[in-house]
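I've put the structures underneath this note.
Shared between the two complexes below is subunit A, which has subunit B as its partner in the first and subunit C in the second.
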Partner chain A sequence: MSLRTSLKALPTMLRIGFSEAVAYRAEMIIWVLATTMPLIMLALWSAVARTGAVGRFGQAEFVGYFLAAFCVRQLTSSWVAWLLSYEVKQGTLAMRLLRPISPLLAYATEVLAGIPLRLLVVAPVVAISLWVVGAGAVPASLGGWGLFGLSLVGAWLVTFYLNVLLGTLSLYLESSQKLMDIYMVLYFVCSGYMFPVEFFPPGVRMVIDVLPFRYQMGLPVELMTGAHATGPALVLLAKQWGWVVGLGVVATLVWRRGLARFAAFGG
Partner chain B sequence: MLIPRRYLRLLGVQLKASGLLALQYRADFLAEGLTSLAWTFTALAPLFVVFGTRPSIEGWTFHESLLVVGWFTLLQGVLEGAISPSLTGVVEHIRKGTLDFVLLKPADAQFLVSTQRFLPWRAVNVLSGVGLFVYAFVSLGRWPSFPGVLASLVLLGTSVLLLYSLWILVVSAAFFVVKVDNLTYLFTSIFDAARWPSSVFRGVLAVVFTFIIPLALMTTFPALAMLGRLPWTWLVGAVVGSVVFAWVARRVWLMSIRHYTSASS
Partner chain C sequence: MISVRGLRKHYQVHKRPPGLKAALRSLVHRSYTSVKAVDGISFDIKPGERVGFLGPNGAGKTTTLKVLAGLLHPSEGEVHVDGHVPRLREEAFLKKIMLVMGQKQQLLWDLPPAETFELNRAIYDVPRPQYKQTLEELVSLLELEDLITKPTRQLSLGERMKCELAAALIHRPRVLFLDEPTIGLDVSMQVTMRAFIKAYNEKTGATLILTSHYMDDVAALCPRVIVIDKGQLSYDGTLDALVQRVRPEKRVVLRLARPVDAALLESLGRVVSHEPGSAVLQVQQDAVNATVGRALSTLPVTDLTVENAPLEEVMSELFQEGKARRAEAAREAVPA
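On to the complex of A and B.
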């Protein structure tokens, strides 16, 4: 599976992935309904903000933040961990391995191909946010958009590699379901999905800055709503891409070694 | 309501099968217990953050909200131990086409699929929930009144009934949507909103969470009952409402079953 064959197959795989996404559009609606937690949190924090602002957040800022969180979740989410562990359990991973394309690339295109449909959901939400919050709901300058875009790509990659890592662990453990549950809770609490990470007390905040979760959700949301000046934004982006590279290397290594075990099992 | 003896015996058989299976994996009790504790504490983080900014929100103090979280945790135990294992089973049946075998059996299909699998160790969350009640009341410096406890026990019944009916509705959706791997996920994520006192929701959300997806009835009402703040009319409303909801769920299930047979023949 050379790089050239993979690249040549990429457009076709994306097209197939997109057709699948359209065919299973009902599933996407279920997924969108299942990721409405930011709206619940919006209701909660609006109730809190009714008696006065929390930090730099008034009611309008909360609307901007949580609608952005909803959009970022739609665009960066990944279900590769579940897919992988399911295919390992059922043994259907063997079929993927027979194809002359790396399964990891196949998973990545499958997730990427779903994004155009997700944009259909995201666009009206951004419009609503613009209408309620005003121009502050999106980056103010072209450079701001660039940083936001970069953070979105980074967030997608961090989420994807974490998913690969978790899914691959099912090659080592009997069941990685429990680990995935723990990952989800940590992601919800630590990423800025349920509340902005700046609400954590300073001591905890330092830990959160080191963990990968906030770079999956909090950073793109903050850059979308213009919470950071360019300087600090670049520092945070560098940390995010540090995670991208680190997780990329680790996930690929663990995947390769795990695959050897899988071959031994099925052999 | 008359439940035929046969069904009670059948329930006994199914419970015994799941129980024996659970006894084979005794170490799971410890694993589940530890994860339940870790989970409960992590899930409290947002509560700490919210109440770090205000002493009370919409008339709920931190310790009073702990009661709501306690009910949420308790019901989560019921959900994961007794309700959702079967849910995943039905979705699997529909996908593989093996639901036909269940439908052919000479007993009510809804009963059979609802009792096919229990995971007793998952019920550790029930203990965590009770632990939260005790902690909350110790911190509040008083104990719930006797009628309050009685009312909350009645509401425990209605909450489980509501949760179960909601589950039947979600499973019914599985007949219409073909690829349904994340139905369980949808269910838990909707249920997640029950973590918060319902009075924080206003307008459309308040209506939705009281009447359409009655989350308020499941966690906020029992917590109010424990605090002795639940009016009698609300209690009656909750009982009547949950019976009506269960009836609707049963209708939808029967309709879906008809849909299934016509689609597969």
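On to the complex of A and C.
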């Protein structure tokens, strides 16, 4: 679809997506409650830190880390894999394919449109983090904010493209549900969502660093809480955006090829 | 406008008998069969035509529509719609067409239909003045005034279908594919939908292809029908000619002032039904005039009409013929 058509339609798509997110407000609250894992992990790791720091993490650092993890999760999460898989199975993807706009763009705007509502949850959490941790809860400089912002956008894109890839596999496999379950487990363990990735032993850490999961969660959290100097931060960002480009290309190719297999079941 | 040559769409379907043993076996070895949903059909449709796709369940009608709309990629054959290859899903193509499926919806479930209309305006890049005019026309013709601001989930099926049709026409498609558009609707709503669809075709000159199990839809809307059976084209022509071919007999419907003897009716033609105040006779076409004359002179007739056999019966007979032909062909194919 042409960029011009897409850009012209984008504001209306976002507005209507927001209206839908508001209509599903109960679902949104349940989703927020379901993503409170960082708060549980915070309680757990704070208890551990009471007897002594874990690496560079004392109680205050854990508060800063897990509240940042909660915020990053709210702002980067995506449900496109499940939605796409469902729509492939039900055949309702057909209704999206009939429109002269990329279904992937439509999915993206639906996810993005939910962010303003999530900010209502994120803002007080950031305020609490600032109150408990102090200035270290957020980037210290404008440049730091810039790097954090870039990592947040990168994390959103990596998560979105992984979701597209997993959802699109429904066009190739009879069910990609189990793959999604495996993905979620890997995400929880390897991304820094349940504990900082630096807690992994060095050998495992090397593997974690080349997988995409850290760039979905750990990196933005680390940059929000000032864990890296500018140089190492830029290296990590380059790796993250490498994943963005790589996954973007692969997801788009798999999607395009997969459409030839779409059976448009039902009706 | 539409050209289809040797269209084939085959699916690989995983087959598995019921039971635990079969389930376990399917883990290591799966058998697939090829299902020929559409098996080599060709036809042309001129701009502005209204064509009905008819066929029993699983005949390949909807598959053909989905190929024409670019949703399915053909296994073989060439398909062109207004100069476009549908499977490429070019923007210009998608802006010219719309597929309305009675069993699928594009309306946003929790928002009022007005929001879907607005979304379609943006996506199809419809200029504001044109959108306003089209919407006013649609709202007026389909009587949507009170509906478009209610959440879609609170609308009845008929109301929803009217809004669905309006949403499909916001960008004034030049080719409209309708797959069972009146399914589940009450009779009055079916009549409204048919009248609207016909008016849209006459006003805009849009090409219209319809599949429906309601023969009244086809009779009211489609001068031409294409019959597909087991993925193959078994008839392409006018509806009248199809009726003439399958059921050349006419039906004489009689209203009677008083009950009459069955033997008297049987002397006039084959009695299809007989009740105290009415009777239906089936007679050869060339005997209609004579039968009518004799009926009027010998029976206490208060009203008389001459009709074709009901379309449902015609189609049923046509499909039975096809089934019998295939069975015969299969028998001949088996070596003695």
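The rule we apply is simple: the second predicted complex is superposed on the first by the 262 of 267 C-alpha atoms of A that agree within 3 Å, B and C clash if a C-alpha of one lies under 4 Å from a C-alpha of the other, contacts with A are read in each partner's own complex, and residues count from 1 in each chain.
In this text, contacts are C-beta pairs under 8 Å (C-beta built on N, C-alpha and C of every residue); 3 or more make two chains touch, one makes a residue touch a chain.
Here the structure is a predicted model, which is why all the values come from computation and not from measurement.
Of the two partner chains placed around the shared chain by superposition, subunit B is the only one that A:F200 touches, whereas subunit C remains out of contact.
Looking at the shared chain after the overlay, A:R99 reaches subunit C, while subunit B stays out of its contact range.
Once the two complexes are overlaid on the shared chain, A:Y24 sits against subunit B and subunit C alike. By the document's definition of touching, of the two partners only subunit B reaches A:T36; subunit C does not. In the superposition on chain A, A:V185 makes contact with subunit B only, while subunit C stays out of contact range. Overlap of the subunit B and subunit C contact sets on subunit A: residues 24. Contacts from subunit A toward subunit C in the complex involve residues 1-2, 5, 8-9, 11-13, 16, 19-20, 23-24, 91-92, 94-95, 97-101, 174, 259-260, 262-264, 266-267.
Contact residues of subunit B toward subunit A in the complex are 31, 35, 38-39, 42-43, 45-46, 49-50, 52-54, 57-58, 177-183, 185-186, 189-190, 192-193, 196, 199-202, 205. Considering their complex, residues 24, 26-27, 30-31, 33-37, 40-41, 43-45, 47-48, 51, 54, 79, 82, 86, 178, 181-182, 185-186, 189, 194-195, 199-201 of subunit A touch subunit B.
Listed in rising order, the residues of subunit C touching subunit A in the complex are 11, 14, 62, 66, 69-73, 87, 89, 91, 94-95, 97-99, 101-106, 108, 110-111, 115, 118-125, 151, 179-180.
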